[in-house]
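We call the chains A, B, C and D, going by the order they appear; numbering starts again at 1 in every chain.
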Amino acid sequence: MRAVLRRNPRNLSVSPRKDRLMKKLGTSLVLVVLLLLGRAIGQEVRQEIHFPDMPGYRTLKVDMHMHTVFSDGLVWPTVRVDEAWRQGLDAIAITDHIEYQPHKADVPTQHARSHDLAAAQAKEKNLLYFRGSEITRDTPPGHFNGVFLKDQKALDTKEFVDAVKAAAEQGAFVFWNHQGWKGEEAGRWLDVHTKLFESKWLHGMEVCNGDSYYPSAHKWCLEKNLTLLGNSDIHEPDLLKRNTAAEHRTMTLVFAKERSVDSLKEALMAGRTVVWCKDQLIGRQEWLEPLFKASVEVKPPHQGSKDAVWVEIVNRCEADLQLERVGKVGPATIKLPALSSIVVKIGTAKPGEPQQLSYTVKNLLVAPGTGLKVTLPIAAAPAK
Amino acid sequence: MRAVLRRNPRNLSVSPRKDRLMKKLGTSLVLVVLLLLGRAIGQEVRQEIHFPDMPGYRTLKVDMHMHTVFSDGLVWPTVRVDEAWRQGLDAIAITDHIEYQPHKADVPTQHARSHDLAAAQAKEKNLLYFRGSEITRDTPPGHFNGVFLKDQKALDTKEFVDAVKAAAEQGAFVFWNHQGWKGEEAGRWLDVHTKLFESKWLHGMEVCNGDSYYPSAHKWCLEKNLTLLGNSDIHEPDLLKRNTAAEHRTMTLVFAKERSVDSLKEALMAGRTVVWCKDQLIGRQEWLEPLFKASVEVKPPHQGSKDAVWVEIVNRCEADLQLERVGKVGPATIKLPALSSIVVKIGTAKPGEPQQLSYTVKNLLVAPGTGLKVTLPIAAAPAK
Amino acid sequence: MRAVLRRNPRNLSVSPRKDRLMKKLGTSLVLVVLLLLGRAIGQEVRQEIHFPDMPGYRTLKVDMHMHTVFSDGLVWPTVRVDEAWRQGLDAIAITDHIEYQPHKADVPTQHARSHDLAAAQAKEKNLLYFRGSEITRDTPPGHFNGVFLKDQKALDTKEFVDAVKAAAEQGAFVFWNHQGWKGEEAGRWLDVHTKLFESKWLHGMEVCNGDSYYPSAHKWCLEKNLTLLGNSDIHEPDLLKRNTAAEHRTMTLVFAKERSVDSLKEALMAGRTVVWCKDQLIGRQEWLEPLFKASVEVKPPHQGSKDAVWVEIVNRCEADLQLERVGKVGPATIKLPALSSIVVKIGTAKPGEPQQLSYTVKNLLVAPGTGLKVTLPIAAAPAK
Amino acid sequence: MRAVLRRNPRNLSVSPRKDRLMKKLGTSLVLVVLLLLGRAIGQEVRQEIHFPDMPGYRTLKVDMHMHTVFSDGLVWPTVRVDEAWRQGLDAIAITDHIEYQPHKADVPTQHARSHDLAAAQAKEKNLLYFRGSEITRDTPPGHFNGVFLKDQKALDTKEFVDAVKAAAEQGAFVFWNHQGWKGEEAGRWLDVHTKLFESKWLHGMEVCNGDSYYPSAHKWCLEKNLTLLGNSDIHEPDLLKRNTAAEHRTMTLVFAKERSVDSLKEALMAGRTVVWCKDQLIGRQEWLEPLFKASVEVKPPHQGSKDAVWVEIVNRCEADLQLERVGKVGPATIKLPALSSIVVKIGTAKPGEPQQLSYTVKNLLVAPGTGLKVTLPIAAAPAK
């Protein structure tokens, strides 16, 4: 089903009373009123992204890297709110570049403006929204985003380190963007990164940016206890179609105590995240494990014909899960398609004898190249 | 994402040990074993049909009218189980014709055979499955299905009334199929129907069969307290694609105390059903109302820019819902797309003052041409 | 299959030589170069809109009404080029408002600027592109577009009529937009319209704007020999998905002598158009008839079993065609789905005797409420 | 858009006159008539598979391996005709097993029956249709299909070689099915294969069966001049959805002098085939090369902004094409999505100087692991 989009604000019924009123007013005011009316009435549709909440936490879907015409993006700031809301995101930050505005001959530099324009739209849609900017210097040292900012202009400094410091001093959450985008050499860890890290001015890294995955960033996040992040870094309108489970906007799942900007920030600072990029979910074992458990249910076994025993396995999350057997029970490989169930034969168990399925989930990465190990307990088989 | 279907049982890895074993056996046995192996390993995928359970009841999705090569259908009985399971149905009955087997030169008449073949497959898939037949005489009086039968052969009688009686005496649930399919004249209520009804041998009617809706059947069900039913009456393989919410298999939602064949029968006898056909849900007010309430949630209002107050409305069911305003608050019409959310402006409510949305749901039919009236309470508006 | 879109210009391989070069240059230049590189390498995909060429004419798919951030649109001008190209359009004009720029505090008024920015992108994509503006006064008299302009600033006049005159004097093609959008009363034909018409300053009308159809506009186009037009009037990014043949961007099919801006203008001035809006094609009989003939082919009949004769009918255009029988041969109704074939039984023709199918195409409108009459000749039936 | 399928033959309007007539006849005859009427009126839709014809040849889309309830398939024979027709195939053979009928307790063995039932349906749909059987012995030597048979019963012999001989002596085209399905050891070339080959009783091999590709079969076809084939070997109803270009029924493209069974057989005997399986096209260079040329068009170059020259490349076939640069002009890799166009920058050519793109098409296999080399000439660049 396609989202019902308002293509044209004129396709709206206006009551006669309103129409008479408009005639009394001047042209441009009428147009403004009508347009706002159009904005108000136009019905857009939001579709949920299905990743379950976890015990004690709300699973927020978050993108903290995107651009508008106020830097090198191609859309008006409100578009970022509308597309995020429609796609089922819970929270976004627009992060226009501090140092780079290729459209500035037409759209003069105003560091805070894209935020301010989007904020009103976010209020209407009830989307969590917070202030961000991209600090855009040479690579190395690379590009960095600061989010939960208070004053974007303070980041417009001469020296790179001063910009990061200015962000951190506002209480911002600062992360290193697309570490490997210009190759391993350009993305290497330098003294300046150590400086940021030791000053506690650096809190996370993009393990994934758009469809790219950076194993070095993944490794460093684990080593240095930095927060793992995935963002879209989108510049154009988001036209992505979801023909397969792997085609989706790259995002960070953040496990927050409640649905609020403050709670989101606390969770990011505490590192409670899983990155969803293409067909992979990437995170620390302590978060991937409960996410898997909250997503996958093994139903009580049922008796098929003859002496075969079967179980239904339900996957309630948005990602296909690819399992490879470690133990002896169950098929050699299992694919659990997103938001679907399968039945698998678990052999000819003796009734009353409990079993378990031991598998590695190949596309749930606890470290570069290392899948999450899971154990799925199966209730005792039914009497025949 | 497409269901992963086993197109070819040969795409299977067979362990060397099994292979050696096979060589010792004769050709045809090997083939049988391999084929069964293929059947066992092939991984198919089930997708849920989203209609919520209701307080005290499980919402079972049921189709009780379909055919196989054992009457005038075009598929083997196991196909009916597999397609129902994949599509998310909970319970089916195959209802091959008692009087009509156009393939009988090739597939000799055996009234119970399609049931028996399908039953083993249903056990493997854990699908609720029960015995059915179609009694196929002239129209009028029309075609009738008996389900929850014990002995299908007993329905092969000379006289029409005797066949229905034989079904009823086995404790079957008996219903009149596609009442209006040959027009109002052929589908009229006759003395013979009164006879069946007064003998308590007739328990329900198909208000919908395939994509057809029969208002007379709808009216009579309400007048005579017969159970409202919708079935697919499918003969070919089900190739239906779900490009829009209205493209789906016609089915009956049955509100059963638990997920079992006995409980399903009790619910059908008690008339706890809603029919889902194309873009409509058709049922008694006492069942449509709680189904709507379980499906639609109005979130607490939130403050937009200026003094506008907004609410998010979530539709958790599989059908688009079309609302028309009865009261004064809210947009003139609201479309709640299936499995989606929208936000609507409810005007400039004073903070602290509760409101409600009064609407008619045009496509939830409590009687022919009459939509369900609903009231959606809105919590007090937030302080600005 | 989804269009391959460049979501992030950083996902690009840059050769070491280029990288070294960049290090010698300053930050912002590097960024500019990289971005342009990104623009150049990003691979987007164009899908054809299938309406056949006609004898002597190329069928160009044209949209001449759309907006950008330079008036009340929400995208950068280049987005309009990219989306039109991807969707298979041949020619567009951006028509930002002369009188109305709600973003002007951030994007100061420059009437020609959106054109100039889009023109370079159009050259790269080889899309036909020409200068346009929307003259936006009260309704009535309504909004008007001028396209094939030379100087947009000349339209910024005090009086409405002077603006239209200024456009016409530049040789522009001028049309009345969305005539009925504020109701029949506001959209009525006034003296000022007669003035424009008699001065030959008015050349066409939008019969369709977005998903709205205006029967009065349709009628007046036929009476006054104005060109029939359909445009999208899109403000947001175009996110339309094509789940059904009726879901598409509203556009004008223009029958031009060749694929060039000059030829397109000549065809528009000569009125050689058909409007495609939702499930309808709207045009003069002289253009709908050859479009139907070029789209639909009846294959030579073939013999089925027994004495039934069948024909295959192929629909090579992008619209579903709904036919209703006028003559005696063929089914009562025929649906010819877009880009598909069907077979229909034409009865038991005597071999060697030619036949024809006489139908009305309900959704090809030659006038409001009047479908196109068509005759499909069938070759002589084959000998049995 | 979904194919319009007749789900229920009862959804048909029957004229009053016909109805009265029916009342005079007995029940079962009425049912037969109605059913045939249903068959006649039900409107199904065919969608073309786009692979262009080649100079001198029609490109026929062919599947010669599939099953019905008369062996181990799960559908009535007419279903195979209807699904092939809807999917755009030109020719099929049903190949039920000679030695293996697991449903024979219910559907007694009749070797020719599935053919005879399907033939009438094929006539109605104008699908090319011919007689086939699968000879099903141990593996090794493996399974073999004979098509263009005259008498299927003659293949029911005691000795394997006699069955193949019987097929060949009827003028059949005989091929080895799914050579590697039980592994390389079981699929090895034996003396018996040499015997068949030298007797000229073996004409081709399945290089692909369902989604499996057999490199040994590919190699032997090239070495021994056997015809390369790809077939579905489908047993269930075909439910395949085409979400991506690579999701399709495996088939053989056959280059026939005309659209007839005789011409198809001549082309198969002459080896004029390309196999389409998943994302690959597999064939001899002499057929892949003209297929590529007929599918891909490079438009005359056009001037972008500055001094960049661009070309539009159109892919008119149903497969995505993956190109890797061999020469110096053009991007390192090009993806040409199915039925789409792209534009690529070819650098700053001097006007008037012709160029060419030299690439390897990675997924057009002329031998195992070897892509087709192609050269795409570019016309002289336009003057700036």
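We adopt the following convention: a contact is a pair of C-beta atoms (placed from the backbone, for glycine too) under 8 Å apart; a residue touches a chain by one contact, two chains touch by 3 or more.
This one's a predicted model, so the numbers in the text were calculated from it and none came from an experiment.
K.L.:
Hey, which chain ends up farthest from subunit D, C-alpha centres compared?
P.N.:
Looking at centroid distances, A is the chain farthest away.
K.L.:
Matching residue numbers in more than half of the contact pairs is the bar here; say which of A-D, C-D or B-D clears it relative to A-C.
P.N.:
From the options A-D, C-D or B-D, the copy of A-C is B-D.
K.L.:
Using mean CA coordinates as chain centres, what's the subunit A-subunit B distance in Å?
P.N.:
Here subunit A and subunit B have centroids separated by 37 Å.
K.L.:
Taking each chain's centre as the mean position of its Cα atoms, how many Å separate subunit B from subunit C?
P.N.:
42
K.L.:
Could you pull out the residues of subunit D that touch at least 2 other chains?
P.N.:
1, 243-244
K.L.:
Could you pull out which subunit C residues touch subunit A in their complex?
P.N.:
Residue list for subunit C touching subunit A: 1-3, 5-11, 14, 19, 23, 27-28, 30-32, 35, 69-70, 72-76, 78-79, 82-83, 99-100, 102-103, 106-108, 110, 113, 117, 136-138, 178, 181-183, 186, 209-212, 232-241, 243, 247.
K.L.:
Using the touch definition up top, name the residues of subunit D that touch subunit C in the complex.
P.N.:
Answer in residue numbers: 1, 4, 13, 40-41, 43-48, 120, 123-126, 244-245, 299, 302-305, 308, 310, 312, 320, 331-332, 334-335, 337-345.
K.L.:
Per the contact definition, I'd like the list of subunit A residues that touch subunit D in the complex.
P.N.:
243-244
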